[in-house]
Amino acid sequence: MGILEVKNVNKNFGGLKALSEVNLSVKENSVHAIIGPNGAGKSTLLNCLIGKLIPDTGSVMFDGQSVLGRKPHEINQMGISRVFQTPEIFGDLTVFENVMIPIFAKRDGSFRMHAFESVAHERDIVEEAEAVLADVNMLEKRDLHAASLSRGDKRRLEMAMCLSQKPKLLLLDEPTAGMARADTNNTIDLLNQIKAKRDITMCIIEHDMHVVFSLADRITVLAQGTPLVEDTPDKIKGHPKVQEAYLGEAA
Amino acid sequence: QDSGFTNAPTGSTVTLGFNVPQTGPYADEGADELRAFELAVEHLNGEGDGGMLQTFSSDALEGGGILGKKVEYVTGDTQTKSDAARASARSMIEKDGAVMISGGSSSGVAVAVQGLCQEAGVIFMAGLTHSNDTTGKDKKANGFRHFFNAYMSAQAMAPVLEGLYGSDRKAYHLTADYTWGWTQQESIQAATEALGWETVNNVLTPLAATDFSSYIAPVLNSGADVLVLNHYGGNMVNSLTNAVQFGLKEATANGKDFQIVVPLYSELMARGAGENIAGIPGSQNWDWKIENQLGDRYKGTNAFVQSFGEKYGFPPSQAAHTCYAQTILYADAVQRAGSFNPCAVAEALEGYEFDGLGNGPTLYRASDHQCFKDVVVVRGKENPENEFDLVEIVEATPAEKVTYDPEHEMFAGGNLGECNPGA
Amino acid sequence: MLGLNTKDTWLLVIVALMTLFAPFLLNPFPANSSLAQFNAGYPDLMQRFVIFGIFAIGFNILFGLTGYLSFGHAAFLGVGSYAAVWMFKLLGYNVVPAIILSVIVGAVFALLIGFISLRRSGIYFSILTLAFAQMSFALAYSVLTPITNGETGLQVYTSDPQYFQRSGAPDIPHFFGLEMRATETLRMGGWSFDINAGYYLCAAVLLVAFYMAIRLFRSPFGMMLRAVKSNQQRLNYTGLNARPYTLAAFVISGMYAGLAGGLMASMDPLAGAERMQWTASGEVVLMTILGGAGTLIGPVLGAGFIKYFENIFSKINDGVLHGWFGFLPDGIENVLVTVVHPFVGKGWHLTLGLLFMLVVIFLPGGLVEGGQRIGKYVFRRRGRKAGGAEAEAARKQPAE
Amino acid sequence: MDAILLQILNGLDKGSAYALIALGLTLIFGTLGVVNFAHGALFMIGAFCAVTLQRILTISYETVDDSRTDFLGNPMTVETPYVQAWFGPETGATIIDWSVPLAILFAIPIMLLVGFVMERGLIKHFYKRPHADQILVTFGLAIVLQEIIKYFYGANPIPTPAPDVFSGSFDFGVLLGFDPGAIIYPYWRLVYFVFAMAVISGVFAFLQFTTFGMVVRAGMADRETVGLLGIDIDKRFTIMFGIAAGVAGLAGVMYTPINAPNYHMGMDFLVLSFVVVVVGGMGSLPGAVLAGFLLGILESFASMTAVIDLIPGINQIIIYLVAIIVLLTRPRGLMGRKGVMEE
Amino acid sequence: MLDQRPFDKNANHASTAPAFLSVWGLEAYYGESYIVQDVSFNVHEGEILALLGRNGAGKTSTLRTIARLGSPELKHGEIWLDHAPLHTMKAHQAAGAGIALVPEDRRIIAGLTVEENLKLAQIAPPVGWSLERIYELFPRLGERKWQEGVTLSGGEQQMLAIARALARDIKVLLLDEPYEGLAPVIVQEIAKTLNIIREQGITTVIVEQNAVAALKLADRAVILDTGSVVYDGSAKEVLDDEKLRAEYLAI
């Protein structure tokens, strides 16, 4: 039994079958990659996990509980965080505030009326936020408005926000897209460190095979809304169907 | 030297506060009031031709200001909102040291400002306010109303309506849904029912309404043969225009010609209704033609019209007349009392009988501070010669006919209280 | 101090000093000079400045932080006023229960309206709040007259019970015997200054309200509200429930509005229905934007700006103009009066409209931004002289 | 039955006015994304185009008639309009009589000009600014326009009657077999309804059957990208603004015989037109029109005595009540597009 | 070798052909922050230029400046395209002169279908490829022409964005991270497409984090660092020079 169990999930958009009969089991504290051609339904699947979309049929169990019917913030409080394909950050806030908010959410729950305390006096949260920013090499940008970051930096910031929550399950939708090689490598290192601690489960969508193969324990290949194969990285690399439909001559 | 009351004038001048609507729908009416105030101040200070001071029955005033102090004035904008009006009045009292506030073009504002003046200890000489409440439920010892009221309108109109349309009529009322509208409707309903008219329906219309078609349309089919529009200002212009559009003027009902009645007229607003007002009866506090048409019982009128017309180029409205008269009356009362103390002034005004201000013999009744004088019943002219000559006078109902007991049920519940000199 | 950082402490101190000395600051011209017209230091206007300041501060907590533009905030001000007057009618003229009830009633109303309206966002939210407020206004004006006294406005009558009005207590609103209207006029040379009890009560309340707003702006709660404005989706996916945050902000700002309403009735015991009309709601929106939405002091400045024009400019008539220009030859005097005439007195709206336009066009971000720019400009020039400008510009460039 | 039919008819012409104003507003607000608080003022300026034309047509020369006197006792001056002098009293009078329909021709260039000037001179700098700034600047502009009109025309309503042939009403009920007088309907209101339908279909056709509409929609969603595609969106926004101003202005011209125009008529309609647009759904032209008629008709129903007796005060609040109900049951109004002004 | 040939903006560049697109001394600001700092380079007709650099180096800003978008604001410098002075133009005029930018977040227009997005590009002259020809190159777009553009998957959106540029008759194509978020097969496909486009004689500037892929495609490379040009030379040289790659691209 994995920490995440997706069973027979279907999702249609009008006539389009974005997901059909998707089954997926993610083992606790493993890194599970989902790859597949563009439009295969990868992001749609993640949307179903975090309450952004509700599957037409099927079930999604996380940590023994169903996530279906829960609001996004409740699902997050269960321990699922997500990095989006197009960065979702608080553009009007500073980089530092961007990472403090998830830490508050983790500590105080989905709502707390702390209207007369001072942000600056929350020592532990400030320190934690600093540490998180240091991890992603963004400490010197802490007072910039998030909206004025370059694309790659936005993506790093969003990663930091999710990591700061120490979620049980971290969903990463193309975390390194648009990142410079050097930072991609840093990110791989960072994720590998996390992986080494073995206390976070990660589900990663990525088109950069270098990233996928450096991190993943298992890989699911999704094509046209259905899982094509699921296996270890080595097996996937050599899989002819995958090569043809996805990797092309590069692999 | 006067002292011991709010804003006792200490220097060689005395300040009056003229609080009129300068913005909003009644701005033109307010502008006319302001003209009259300025004219009155001129006359009090001995400038110009003296206007009604020449005809006024009291000769306490000599044109040297009030009690020898030159009259100065400040102005403000009521916006026809009780809040704004009170703010403006307070600034006149607190900042400019006004000893008297006058003006306004709505009963809500009048009541609100009257209450303020009572608390602050200055005299309020109401401008245009027609609701029974101003000198009824909401009367105040420091407040005085020269203008007539809804009850008086109704009493004056009733005999005329009977003469014009008979005593077997079915009336349909449209009423502006606020204090004034209600008292107007209540009064006219009572008066017409006393004639034997039947009231078919009374529909309250929102003050903010601009199109009355959905209220007018069902009228013809309701069995009524008279439509009473208890509307004023923009409401009146629009509802009357709509009624005419729907052909009510030419219609017949119950075998009679259908009729429209507008109990309270305003010349300024009538202008907005254009030719639609032709033949429609209503009442006024005063009309600039009254002395010419009904003789010198109404003396003062021509003097005022002359003086105003020469200065501004057109005849004054009843709003202007009332504000002018109120200013003169106040000044005269101070002069007679020999003091600006509101209590002394009130005493001088209470029960005061005067003449020569254009309304014929008039009484400022002591028990409720309401003026009693003749009420002018008018009709829209069929072929007006110019935009100032829109109504013809049907008759002037003598004051006795419209006088009522201060405890009359439409006026009951109020308490004049004590005069308050403030400080 | 008081749990604020230095900058905020300074801000608070400055505001405190300004409110404390307002009677003097606002009456800079000798009472008999022709410029006395521009003096704003009389009780009514000073009270209005602070009361609308409170209203705008509260509005800004909602709008400035969350970006939810309520177009019906005047409704809370209105119910606050009604509640206060009812307290006068039932209990007596002490303002304390009146003010307390007005805050509570403001909160309850805001909770109801907010709970429903916050189901929608953006313009849909604005129109929902507008609709509720307009309904309240229309009903208060007509059907609810027994409670609101309709067009005239709710007043205290001598026949009202006033169960707790002790004999000997003032017959007008008072604070444990201190009449709100009590005014001491100080005359110094040609100047005269009004020290008014009601004003200082309002000013004290303003300071508390302002202090709480600072705390709130700097609190985690305030940060969450800004996050709502920035990206509500993200907030939800971060595990925070945006609804209770926005609702709490809505209720708090409703309480500020109720408080303002209560104070208004305490200074002048009459509650008019027009207080709830959309124009009144629009006014607080304008005040906030004009001053600078999302800034702490902006709304207060905006409130002062609008109230100043309404009360001072509307009172300048031709007579006053002739007074000013009287020293000039007649011809010039008349020309000047004719030129200025459309902008003052009954033309005060025109001036206000023009100023609205000029402020937004030239000072995006409102008066506060304008102030900052001027500050920066002055600072720069000084800096340049000292040769620091280049250094500063260099620092601005990306590192290396 | 006849009472209901009557109110539907009444609702139709009220709805026509709402729909026309909302249509113009939604072009600017729902499509260009500018919160235009000056829209009511455009409506008002349209109405004053009619007033102005009437004044122009009645420009007169004065002759002194010694046989009569004015109110001060001086000899009376009599005014004769020049058009009557030029075209003869009969024709001249007819021209004056037809001033409102003629004002359409007069208003179109003026309103387009007003729209262009307003957009070029002011609004274009505000497309990227926050809505709040747009509110402030357009509200300021509305006040200024209003005050200018007040300065020249005063605060009172100015009667601007329809041509005589359209005055009065016709008995609609008789056509349907009801009693005479059961359903009467003023001719001019019928004209207004027909006119509104014509303008609405014209605008729809223009936006539907030309690429113009698509470009404008695209430009609203993403100005920058549209620019990258070589399209000068500014020009089209200006045209769009001109059209919107024109629609508002024509609505105003034709409205004058229904209710005499005054300087604040725009503000009276302003809030209502926002409500209509939002109830219709942001960014939807059909929505705005539909909501206009819906609210117009419901407002008429709510003013029926039977209804008021049932729920006192309902006529005061019906519009807002309906707005609340619609917005709570349909998140984006009747036909709103996703993502338009939802933040 | 970079050491021997430090970048000099006045120096003659590799090719002897006259510059087709010439960028000289660009300085551009976001508000007060100085982002593009004196950037100069030439692109010759028909060539593909790779513009590389770290996150936040100013690549996007440079492309936006060339396309004459309002922000960043060009304060100094000249841009000439085939004798047309782009620096005096606005975006839509520059587009008319033959510039096409495929922006980094694709900027598919919400509310329009795929086909409408394409048609939009053909409203203003000069018109390029016909819709049929576009659908031939990108059959997926043909299949989805009625779908709302923004609901396409990331890869599909990228195709649409490129297709939209081709729908216009362009002289220079500016591509901002065209491979980002695309499956390896699609990357290869797009690379092929870009080669086809090159054969049509269209000049291309490509910004890519996937430097290897970009360099394989490109004739020349320009490397930016904190807003300034640090390398301008042949693409092959970068690809082959370990040290250069390590220094500027961390690969």
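In order of appearance the chains are A, B, C, D and E, and numbering begins at 1 in each one.
Please note the rule applied: contacts are C-beta pairs under 8 Å (C-beta built on N, C-alpha and C of every residue); 3 or more make two chains touch, one makes a residue touch a chain.
By chain, with names taken from UniProt: A = Amino acid/amide ABC transporter ATP-binding protein 1, HAAT family; D = Amino acid/amide ABC transporter membrane protein 1, HAAT family; E = Amino acid/amide ABC transporter ATP-binding protein 2, HAAT family.
Keep in mind that what you see is a predicted model, and the values were worked out from it rather than measured.
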item	value
Required minimum of steps from chain B to chain E, each step between chains that touch	2
Minimum number of chain-to-chain contact steps, chain D to chain E	1
Cα-centroid distance, chain A relative to chain C, in whole angstrom	46
Centroid spacing, where centroids are CA-atom means, of chain A and chain E in whole angstrom	30
Geometric centre distance via CA averages, chain C-chain B, whole Å	35
Gap in Å, rounded to a whole number, between the CA centres of chain B and chain A	75
Overlap residues in chain B, where contacts from two or more other chains coincide	27, 31, 177, 204, 206, 208
Multi-chain contact sites of chain D, meaning residues that touch two or more partners	316
Sequence positions of chain E contacting 2 or more other chains	33
Of chain D, residues touching chain E in the complex	211, 214-215, 217-218, 221-222, 224-233, 337, 339
Chain D partner contacts - residues on chain C that touch it in the complex	63, 67, 69, 116, 119-124, 126-128, 130-132, 134-135, 138-139, 141-143, 278, 282, 285-286, 288-290, 293, 342, 347, 349-350, 352-357, 359-361, 364
Chain A partner contacts - residues on chain C that touch it in the complex	3-5, 212, 215-216, 218-224, 226-227, 229-231, 233-242, 244-245, 248, 252
Partner chain B, residues of chain D touching it in the complex	2-3, 6-7, 9-11, 13-14, 17, 68, 70-72, 76, 150, 154-159, 161, 167-169, 181-182, 184, 186, 188-189, 258-260, 262, 264-265, 268-269, 299-300, 303-305, 308, 315-316
Partner chain C, residues of chain A touching it in the complex	50, 52, 71-73, 76-77, 81-82, 88-93, 97, 100-102, 104-106, 108-122, 161, 165
